[in-house]
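Report on the following structure.
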Amino acid sequence: MNSPQVTREDGRADDELRPIKITRNWLDHPAGSVLIEFGRTRVLCAASASEGVPRWRKGSGLGWVTAEYAMLPASTNTRSDRESVKGRIGGRTHEISRLIGRSLRAVIDDKALGENTIQLDCDVLQADGGTRTAAITGAYVALADACAHLGVTGALTGSVAAVSVGIIDGIPRLDLPYVEDVRAETDMNVVMTGAGSFVEVQGTAEGAAFSRAELDALLGLAEKGCADLTRMQQEALAE
Amino acid sequence: MNSPQVTREDGRADDELRPIKITRNWLDHPAGSVLIEFGRTRVLCAASASEGVPRWRKGSGLGWVTAEYAMLPASTNTRSDRESVKGRIGGRTHEISRLIGRSLRAVIDDKALGENTIQLDCDVLQADGGTRTAAITGAYVALADACAHLGVTGALTGSVAAVSVGIIDGIPRLDLPYVEDVRAETDMNVVMTGAGSFVEVQGTAEGAAFSRAELDALLGLAEKGCADLTRMQQEALAE
Amino acid sequence: MNSPQVTREDGRADDELRPIKITRNWLDHPAGSVLIEFGRTRVLCAASASEGVPRWRKGSGLGWVTAEYAMLPASTNTRSDRESVKGRIGGRTHEISRLIGRSLRAVIDDKALGENTIQLDCDVLQADGGTRTAAITGAYVALADACAHLGVTGALTGSVAAVSVGIIDGIPRLDLPYVEDVRAETDMNVVMTGAGSFVEVQGTAEGAAFSRAELDALLGLAEKGCADLTRMQQEALAE
Amino acid sequence: MNSPQVTREDGRADDELRPIKITRNWLDHPAGSVLIEFGRTRVLCAASASEGVPRWRKGSGLGWVTAEYAMLPASTNTRSDRESVKGRIGGRTHEISRLIGRSLRAVIDDKALGENTIQLDCDVLQADGGTRTAAITGAYVALADACAHLGVTGALTGSVAAVSVGIIDGIPRLDLPYVEDVRAETDMNVVMTGAGSFVEVQGTAEGAAFSRAELDALLGLAEKGCADLTRMQQEALAE
Amino acid sequence: MNSPQVTREDGRADDELRPIKITRNWLDHPAGSVLIEFGRTRVLCAASASEGVPRWRKGSGLGWVTAEYAMLPASTNTRSDRESVKGRIGGRTHEISRLIGRSLRAVIDDKALGENTIQLDCDVLQADGGTRTAAITGAYVALADACAHLGVTGALTGSVAAVSVGIIDGIPRLDLPYVEDVRAETDMNVVMTGAGSFVEVQGTAEGAAFSRAELDALLGLAEKGCADLTRMQQEALAE
Amino acid sequence: MNSPQVTREDGRADDELRPIKITRNWLDHPAGSVLIEFGRTRVLCAASASEGVPRWRKGSGLGWVTAEYAMLPASTNTRSDRESVKGRIGGRTHEISRLIGRSLRAVIDDKALGENTIQLDCDVLQADGGTRTAAITGAYVALADACAHLGVTGALTGSVAAVSVGIIDGIPRLDLPYVEDVRAETDMNVVMTGAGSFVEVQGTAEGAAFSRAELDALLGLAEKGCADLTRMQQEALAE
């Protein structure tokens, strides 16, 4: 099934990211805000900083970083219903919000943050695959700006980025757009620190179960992709 | 109470709109989409078109236009909680969604639309006063694009635009940003057709009740503002 | 379309209110309670007074007046479902509750009220058009009784009354019953103080948009109607 | 513990009902409506009739009778929060709604009713003990009117009435007002047919558990009270 | 209709309980836990003890006992939907939770319990009729263990057990399994103390209303059944 | 940090499972039911089979397998609140329910299942770490019984089992109980087919991020554990 002449619809190499664009300070109000684009996927990441922490953490001397993810109704191919109108948050939304929060907390020193709260909001304006990995990658930049705003840059113990990988027609590929995502036999999201360690690995067999060798190939691709994204985050923050 | 030397913080004349920007086709998926800016207020208006109508309208031969309004959590000065997380939509959101829907239906011929549904989503990305009036004004343009997409431009019987007016320090003013809005003694939102008729008039005394003369002055300002917005809508649609 | 011989189904003049009946102390428990009737529309308005204010207002020295509106299921022509059973309050209910609250607060001096709360409950027992205007008009009387009960009559800076007006078959008319309401091209609710100033003006084009001249005619009718209602409120309170 | 000189606050004999008042056709819209008063307890019972039955009963040839009970916020001594605002119906409300529905269905022949639905709404306007028994007693009269309205009086196989009984200071008493209800050691609600059979018996030891002898005494009182109520229902329906 | 040769499907005498099995300490975490079986009905009763009481009871010196009842989805003949998924607790669940709580509080001395809370959870693992009576009977044993765990055995003023009785084909019978329950003309749940007094009597005519004589017969059967259950509870606690 | 003499609290080898117990047919009603125990973790897995599929799948000829996971309140160390009482399902519950469903669907041939639905309910009776992996492992056995019950054993394309692995004090370990789980630096849940392929890999850095070498070691342990579990599933199904 795997033949060399199979190429991706958008002409990319199998280990190549889509065009990535990181626009800082897209909003006026929050301490940090980033519009991040992975190809046509567009996520608005806002980091709102406030003094104090939730009640259960008061007096601990520790800060708190948390995240919420959501999709605008018209961000998807076919309009999706609003979760506020349905009156409940779906399982997928819950899952991704929790994933983003855990990923960012992996590079935060709660003590150095002090009793401050940073709330990340990742709202998908347009979805074309990889919204959760774009959200994590953009949210890190917004978080860095919010730490600077609070004067606690020492609270960041590293950086974090994320990318999707998958097997399509037997070929491992990096950073799947929607058309590839729906056809993937295996789909994996990998979150890594800038130093090259793993924060989250979430692989799912959509069709056939995958072998250890396939898993290893996907992890290799993800390491490459996260390293590229880390460099782009640094460039954006250097501006 | 009204003295000539009092000027607005942003230097505008009392009957002058903020800089208005209408960007069409800001999204790839929906039939129509507009990013509209009234100064720093930024609302993303998407018009999703689909064949068929809600069950209660089936077989009537009539179309259906409806709208939902929402604010992103980080759009406001201080972050506001997500309504999906709270599990219920607040009264203000309900009110504005209904207002937008009524305003657009005022210029729609349901019969000419046929059994199609156009769902407007107006999501406030950044709020600086006048979000509902920006939403209506932008949503009309997205609606026009969606009608063209469906091939039913005849379903539009006219255009619709909206603006806020208010009395600040005794002076009637057009298109209030947040700093003026919170200080307004009277606050009015006016929705008008391109032909100069009224669709909605909603005036509220925030402080002291207002006289008939003050009401008349506000209506005059609104007529001027809506006429200006109508011209800008036409220019945007002509591009 | 407008001809002199057109008369209203109930024989009223175009600027004439339906028979209004205000019965004070209809309930034993709350500080103030009024059964108000606008023709066949019957609303039970209760004003429950309690010491203290909501948490966010504590220590301010200011009182708090708020309102909730609801319709009994069998109050309408065709039974409507209970909002408690549906588990959520509809947009219309939210809108009207907020309108009543704002209208009453327009004649309350929060400082003179002191840290007391008055909660208005306006429950529609029977609906025949104009339920929100009946609710406001009756709630004011219940509020006045509750202020007297609390010994803070000075907290009332004036009185407030409300009436609906609309254009039916091209003719502006006062105080619309259901049969007129459903046929109205334009429908407006106006809340005014006893001194003749405006507190709220909410006009909606149900069919065709309305001209400035029509708007002016409706405002004139509303001024007449609110003045009549103010007199009836005074008579009821004088008993 | 039982001494002859102990008398009730309102001067009634231990086996005497409070003044009962049944006002038919209190509302214009529903097929049957009754304002029933047990002393100061006032319940508005409406029976809305409609053709057709819920989906799960379609095609069975059988009708459906159901009931909902609720209390207005200001009906109680101290204002109680609205269940629609809380977003959920409390256990007590659920329990009583189900009790009323079962009680009425006990005297309905579903086949004779045909595929019609009668929805009872029992809304407590003022509460002074015994609201559920007043609701059942009044709802039966509204139900009878609704059956007549539908032309299916044969669907009624009998009548139904209900009363509360309890032991206060060791003395069994009939039809407890609030002041007795809160002090009762045992509290029982009994629903009976006009023919003297039992439909529901719900007895609860609020303080000490009760003996078989006490239970027997309470049942005797309830038989007397229900017989009295049955007579009053007949008189009301004869008018 | 009543003939001597009619026997029960499971061969029991009319006044005979199903095989009862009480297994203490079925769980490791809670202070008391009991798996109780009434024939094939299996209920897991856990009593979680904690210091402190709900806010509204703080400083009173009194303890608090409360209960929640629920059925696992697969416990019933046909799978029933999860109430957590539906987002609301049904009326029947509410009713039974309240009944269990009241029944247990009838044998608790709040003062002797001190400011401690015991939360009973009664989860039906398998349902074959009589789940609420099994729950009460088992919960009492778990409650006794929790009181011992807290060192407040003096807080128990007695024991409590419950059983269902009903009339099937005209014959009063004790402890109905599902097949009898669905055919019962009258269904009654009776909760009694170990000393033979009544705590709750809840009788419902499912088909025809019942006579005083039938009611008396059912109460007699229940007295017998509760006495048997009381003895089994004592045996289980003596182990 | 890693030293040979460090042993596990329960004396197990690092690559050793806890005692596993699989009891089939623990319930009478559902088509398949299993009580599975991983040490003190006890999960009741029920597979309810029914003809037909959800509306959105009708006419496709394909079956549907889905799962719901929940914890009894008293299953945890400290009692946890009921999600039905809170009125919403938490993110963790959603995540695990979705994981179980995906894992089982990985070994189901929808076409061979035909238009039948199998609903898995995994209710945690007692929690001591690894509840989701026990649930998947037990649910597979219940699913196999349900397929046999429906006469569609051909719908199973393989078996599926799951186990947790983690790094504690620098040492990779298999099948973590609660005391190890809370101390783990990295925590991974792995779902594999009986044939040794991966269905899901979910690894999370709880403390420090993990290296590729650590990831590889964990995957090796998981392969060993899943192979052991697969053998036990086969033995249980052979009985």
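Letters A, B, C, D, E and F mark the chains in the order given here, with residues in each chain numbered from 1 onward.
Assume a contact is a pair of C-beta atoms (placed from the backbone, for glycine too) under 8 Å apart; a residue touches a chain by one contact, two chains touch by 3 or more.
Note that the structure is predicted; figures quoted are calculated from it, not measured.
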{"item": "Least hop count linking chain C to chain D through chains in contact", "value": "1"}
{"item": "Centroid comparison with chain A (C-alpha atoms), farthest chain", "value": "D"}
{"item": "Same or different residue numbers at the chain E/chain F copy interface, by half rule", "value": "same"}
{"item": "Separation of chain A from chain E, taking each centre as the mean of its C-alpha atoms, in whole Å", "value": "51"}
{"item": "Rounded Å distance between chain D and chain E, as computed from the means of their C-alpha atoms", "value": "27"}
{"item": "Where chain B and chain E are represented by their mean Cα positions, the distance between them in whole Å", "value": "59"}
{"item": "Multi-partner residues of chain B (at least 2 other chains)", "value": "87-89"}
{"item": "Starting from chain B, with chain C taken as the next chain, the full ring order", "value": "B, C, D, E, F, A"}
{"item": "Parts of chain E lying in touch with chain D, wherever the complex brings them together", "value": "88-92, 94-95, 97-98, 102, 106, 188, 192-193, 195, 197-205, 208-212, 215, 219, 223"}
{"item": "Touching residues on chain A, where the partner in the complex is chain B", "value": "27-30, 33, 40, 44, 46, 48, 50, 68, 70, 72-79, 82-89, 93, 119, 121, 123, 125-126, 128"}
